[in-house]
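Below you'll find the structures, each written out as structure tokens.
Shared between the two complexes below is chain A, which has chain B as its partner in the first and chain C in the second.
And then the complex of A and B:
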């Protein structure tokens, strides 16, 4: 009897613990890329870094015109000034990133070996500031967007190669959580990220085409014309969450960071091409 | 053997005792009908009735938030309900609370369903 109860409890506990869904990250990515290649056979893989402009020719034509006088240029200039800042202890951002600004964007997000947390570029900027006695920037604020825009601009052309170490349970758990978030329906409209950006990619939502998820994170931050300002990936995700009538999470919340980890891993092999310009 | 029998008997007795408790808890966490009207008696009773229903809705909203599944307008509906109640518009307050309560309940059901359903959507 005791054995039966114990076995029952172990079974229930096993059910309660999150189990990786089906395949490992590498297999997931192969299937993810193959899906879009099969769905849009005329779009070369590298084009997915351009988001909706890979799919919507009219929007692409407008974007090419916009890029003649890039609206994110002011942010990049402001970011360059911020990057050159010397902290009170004589250090600077390049000390934190152990590299030039041109070798940063494609390395984020990554999983911190000590805490097991996903560290995004915006988070790394603030961790750097805190480490050197500086006040953190507000996530989604002008300074952090400018700095990340500058870093993205300087890192253009570098290829994303995000690691998910399958022998690291923390990295794998963060990846799985991001994947779960991506495929879970939420909000009053009962929609998942995948409902719009996989199943309905390329189709109209009102007057706009829905972009493909492959390549989503490569061009952030972006200048959003309708806002007249820069926008981070997490702000864009929060906008989607609001659109399906769910309560958005905080910027740089664990949920969004894990999602970014999953999405960026899916986009491995694409070039960093931020900052972007979007309607 | 006797010990095993005792454990089994205790287990069934415990289940028998707990059954009504569980049933009452489930009943308490259920949302009421939006058609429900505030009893037209003393203001004290009206307030008490509203507070009971409001607490049910707020507890469900918090449970949905803990599951990461809260809907967009649930919290603001409860704020509006509280404002209506403060103005003495009890029926209006109750109807808004009912709407918020249903949203929270559905959000929880959605989270529960999605805890497994998402796996079937992963691209393979």
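And then the complex of A and C:
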């Protein structure tokens, strides 16, 4: 019996040693989550959906006060009336998304089977409009933010389960591109996303705490008090990239969409809880 | 869109706590358009009035120092369930917003 156990252990050990150098998305995600679990052992997994408010108690108290009267409500209302729009050909958004508004947010981003491109929610909204002969919205504009805020609000509580099909080279390539973007140093400050939001998560950056990357995409779009308006995930990423003194990419560029794909996959298992309120 | 005002009220004994949020750009008049350089004209709430059953319970004179989409909270005595709370604002170019609600 002992012999068998020892043999088993040796076998397991050999397996561990001989793991291939390539780690697939599933292994990446386990390692990503395990890192934050060991770094913040007191924070339950579900809390990461709240971003920095999982870590910073003082900011959390302010946020709870704000959530009592959420500043994104106006955007949600505007989004609701936009959602009910009937297009010239009699179709509406619910035809495009093939579901009610309450079952949408957690399905994005996804990889289009034909083009192999990552489709984000904002992009899907515009694709829908174009398909039905409507003028597309400007990315980062008031309408698309309101519409995505409404969709996120209605889809609250649904769990992200983004698929990266390892047999689909296009999906895998998009994932790998997003991952490379995430870990690449950039700008005059020579920082990668991971330098701040993995290695230094929870530490001060000037007067604020750095959020953990786990759960970053779940609560977008957000209302930012300092801007007094809604903000998309890509606008937020652009802000980060400016802060490290690099030139931001265009909203909904391939770079950002791949990054969103990677990040959201990392946050699988968390609830969609957008729109959020952030200072 | 519905009203430009949102309100929540809470009664404990005869003290009503009112929390309100207004949708307003609150332009100060000293900001410039980043593209054209032209000054964005001032556009801000000048007066916000709360009346309870027709009696003024709070008057606030706002100027340019108040944030966009202002949040305003206060409490007052002598309230009872079913009272009609009326909120109205007027801004410097004459636009108005109004909302009526019952205390509960």
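In this section, the second predicted complex is superposed on the first by the 258 of 279 C-alpha atoms of A that agree within 3 Å, B and C clash if a C-alpha of one lies under 4 Å from a C-alpha of the other, contacts with A are read in each partner's own complex, and residues count from 1 in each chain.
The working rule: contacts are C-beta pairs under 8 Å (C-beta built on N, C-alpha and C of every residue); 3 or more make two chains touch, one makes a residue touch a chain.
Here the structure is a predicted model, which is why all the values come from computation and not from measurement.
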Chain B versus chain C as contact partner of A:206, first or second or both or neither: neither
Touching partner for A:32 - first (chain B), second (chain C), both, neither: first
First (chain B), second (chain C), both or neither touched by A:81: second
Broader residue contact with chain A after superposition on the shared chain, chain B or chain C: B
First, second, both or neither for A:135, with chain B first and chain C second: neither
Contacts of A:226 with chain B and chain C, given as first, second, both or neither: neither
Touched partner set for A:194, first chain B, second chain C, both or neither: first
Interface residues, chain B side, partner chain A - complex: 4-5, 7-8, 11, 65, 68-75, 103, 110, 114, 117-119, 121-124
Residue numbers on chain A that touch chain C, as the complex places them: 68-69, 71, 73-74, 77-78, 81, 228-229
Chain A - residues contacting chain B, complex: 1-2, 5, 21-23, 28, 31-32, 35, 179-180, 183-188, 190, 192, 194, 198, 242, 245-247, 249, 255
Chain A-facing residues of chain C, complex: 1-2, 6, 8, 19, 21, 23, 67-69, 71
